[in-house]
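Shared between the two complexes below is chain A, which pairs with chain B and chain C, respectively.
Entry: the complex of A and B
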């Protein structure tokens, strides 16, 4: 009895907590479709004008294209680096393994402003011009730990006997990796690419410090937040970004689970 | 360093081949691209920040004579002391709130959700993956003078005038950060709780412990490593948060990261900014070490 009552309380709390977590996110579509120049209740009517206005804003399109380029580059590079590190740590024993992997995972806990400032200082000292590529350099640093986390579980849970079978049947190391290992962890790789893309697309601080004259989408949004008149448009843009992120995440989760099923594990959590 | 070790060995082809075939060498070669990337783009830049913090800005040039003047200024100027202290207090409150609020959720998913555990975890993590900038901005919309909360309270007749203590102060920063970092607190606690051997809980029950005593004496101590991990994961990054204090903090809610940005930007005093950043990280590292020490004590005591 006591247990059932406790469970009821906890469940109520859990649902309340989810409402708290999702409250800000729910407001986005509400204000994106609201027909008013100010972001406040009461709502005044339904409109799609904010989205139409976005369609006609060239500066936003430029920022979107910049962001997509950066996100694709960051996702691909961090996944490649993630494959190397995750495979090395899952398959091989080597001296300093924990220290090396721990160091690579450091950006996970380091405040982003420290990463951003440090990179900025180096680039300025070396005389590099800031550009979208410098943003990619920073994003790879923060995306790689997530790639490693996803790919490590994929590599660890893989059935090693399949690789051994391939080698017994006469395939070399390289071909075994390409024809046996890689296909087995492909869902993990796809999940890593999607997560890297999402992180880079939403990342602001590093982009804010390292971008030159071409803003990424979050930097563009930041510049718009100052102008009250621009806010309904920002809400519409945020709404679209939210839908895109959600789609990417669901896809990533699908592939992560497939990876877990394929490799025979119950699945690890990020 | 590891790469260099591998390359510095005897150059006879057979020797190298034998070495490359070794387990350790293969692992090192494989991890080296990622490790080199982190060395070049993280270790080297952090070292340079440390170096610069001992230099002086001379208009557009950096004067490279060694000096500790930046640290003297960073640690004695009342404004910087205020911002540093405030950052630590805000992060401390955020950490405490987030972990306390997160624990019951983690407990619920670990012990009371039979199926769909993965779905719950997924639901909890989704908001974290949406744009941070927009989430912070939406809190501004919720807490503002004409905001969601005030219009709801006015509409319900609970207040006569909009509440003004909601936005542009430290409270707003705490609420926003506690919301933003919730998933990061829930996951480590959940992992620690899920790992607990259920037979220990049954044993406590068989030995006559009620639910509360059992929780206090068995569950909580065993989940302490997860709690400490959650506290660290929330504490370290929030000390250096830039966006939240800037958007919802007003002047009374600004934190050290805002000052670091000003020094690297408008004030054009990178050495002072570097000294502030290094100081902040040193303090955070010291606090984290205490946390880790606690973690080890609890793991040993509970294991």
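Entry: the complex of A and C
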């Protein structure tokens, strides 16, 4: 009996936890379709005007294009860096291997505001002009640990004798990498690209500090929040971003699991 | 007794091959020749260096010292992809992103045979391992035994001079393993390629091999035919690793008419020819070995043997066709094991029963 009661309590806790976490997120689409400038219940009516207004806002389009450029660049660069680091840590023993990987993973736990301010100070001191490229730089810093985490498991789970078998069958190192290694870690690479893209697209603090005259989408949204009249539009935009992020995360998880299955590991969550 | 001198032409020559990993010596100077077309086994417990030696021959590692030559060509500095060897890995290493036919065709790409010839060779190789028509199967849809066959086909399709097999049967269940032992043997005879098998299973090595190198601690303890290894092991390690062996303390008492005179604890005096001391002989405290099937229980008073000794049954294990007895003999600590075929009318003794044991001098091996 005591056990049953304990489980009931746990169930309640779990539900409360999920409601607290996700209820605000679900309010977003509700108000995005609400026919009122004020974000409050009761709802006054259904409309898609907010989305139409969004469609017509040129500044938003500019911010979206900026964000996409930054996200693609950050995802590609952090994945390339991740491939090198993950391959090295999975295959080779070298002095300080753990320490080096530890340092690369540090941005995962470092408060972003510290990373952002530190980068800003350094870049200004070095005389770099703030631009989308400085945002890319900051995003690569926070995306790379995720890339390494995903790609490390892809490389580590790969049976080493597969590469040896390829050499045994006459292929050199380069062709072995292209014909065996790369195809087997491709799902991991795709997952890494998608995660990097999603993180960069949503990231606000670093972008806010390091962006020049061209805002990214989150920075643009933040600037719009000062005007109450723009709030429903922001809600609509947030709604779209939510759907996009969820889709990307699902795709990333799909590829990560496929990678885990192909290389023979049990999978699991990140 | 079979002739142990290797026949034919040496295909692989090992010359004092040493391999160290950091400070650990995995191979301490291994020499020997592996003949063209023979089924050769490297047998030993885990950690004896047998897999290390196989990987040196394949070219995945370089020897620390010594030399390996294949077909007369020194292999120093020749990478695995340029050696005339192919390997069946312990894990089979089937490429999971390719189907069966693509796996088998993997190594043919470099030969530029053309689409039709490639397909023909792949189908031929799959036929050899009884997987004809399996080409379109996905790698992950194969059973353990099928994966093993694909690995075999993938290596054989390259028509290597030497096929290296790294414990290829250890992942299979007993029944399938026994079936594959016979099939591998048959396949090796059919293709005529030199096979080098690494195994820790002495029975497997005995069944399949023309010659076996028994390895301990990075050295070859004995290199001989299965029959010689079983009947004339050079020392205690080899004798106890291959089959079951009874050990008796013994003393060399003298030599006359070319025979070595021994006094064996529990069995008594016996004189043996030098061939039965394959590892040479130590003058003082030494050991003799006798196989369980070389000892006979004498069930009736009329049965006679060259030598006889009385003892008592300590334990009897019934296997259906055979019964294994543990016997306490006077003057010995360890019980001696005797295996008896359960022929018609022959009783099965119980622990505590007295027993007469018969043996002949040709069954005694003096061990170094």
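Just so we're on the same page, the second predicted complex is superposed on the first by the 259 of 270 C-alpha atoms of A that agree within 3 Å, B and C clash if a C-alpha of one lies under 4 Å from a C-alpha of the other, contacts with A are read in each partner's own complex, and residues count from 1 in each chain.
Convention: a contact is a pair of C-beta atoms (placed from the backbone, for glycine too) under 8 Å apart; a residue touches a chain by one contact, two chains touch by 3 or more.
Keep in mind that what you see is a predicted model, and the values were worked out from it rather than measured.
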{"item": "Joint occupancy of chain A by chain B and chain C, clash or fit", "value": "fit"}
{"item": "Touched partner set for A:144, first chain B, second chain C, both or neither", "value": "first"}
{"item": "First, second, both or neither for A:205, with chain B first and chain C second", "value": "first"}
{"item": "Partner chain in contact with A:73 - chain B first, chain C second, else both or neither", "value": "neither"}
{"item": "First, second, both or neither for A:159, with chain B first and chain C second", "value": "second"}
{"item": "Contacts of A:136 with chain B and chain C, given as first, second, both or neither", "value": "neither"}
{"item": "Touching partner for A:183 - first (chain B), second (chain C), both, neither", "value": "second"}
{"item": "First (chain B), second (chain C), both or neither touched by A:171", "value": "second"}
{"item": "First (chain B), second (chain C), both or neither touched by A:64", "value": "neither"}
{"item": "Computed vertex angle (chain A) for partners chain B and chain C, CA, steps of 10°", "value": "90"}
{"item": "Chain C versus chain B, contacts on chain A by residue", "value": "B"}
{"item": "Least Cα gap, in Å, left between chain B and chain C after the two complexes are fitted on chain A", "value": "11"}
{"item": "Shared chain A surface residues [contacts with chain B and with chain C]", "value": "none"}
{"item": "Parts of chain C lying in touch with chain A, wherever the complex brings them together", "value": "58, 60, 79-82, 85-87, 89-91, 93, 95-97, 106-107, 109-110, 154-155, 158"}
{"item": "Chain A contact footprint on chain B (complex, rising order)", "value": "2, 23-28, 30-35, 37-38, 41-46, 48-49, 52, 101, 104-105, 107-109, 112, 118, 120-127, 129-135, 137-139, 141-142, 144, 146-148, 151-152, 155, 179, 182, 187, 190-191, 211, 232-233, 236-243, 247, 257, 260-261, 264, 270, 273-274, 277, 281"}
{"item": "Chain A residues within the chain B interface of the complex", "value": "2-3, 6-7, 10-11, 13-14, 17-18, 20-25, 27-28, 31, 38-42, 80-82, 84-85, 87-89, 91-97, 100-101, 103-104, 106-107, 109-115, 117-122, 125, 137-138, 140-141, 144, 148, 198-199, 202, 204-205, 209, 218, 221-222, 225, 234, 238, 241-242, 245-246, 249, 253, 257, 267, 269-270"}
{"item": "Chain C partner contacts - residues on chain A that touch it in the complex", "value": "159, 161-162, 164-172, 179-180, 183-184, 262-264"}
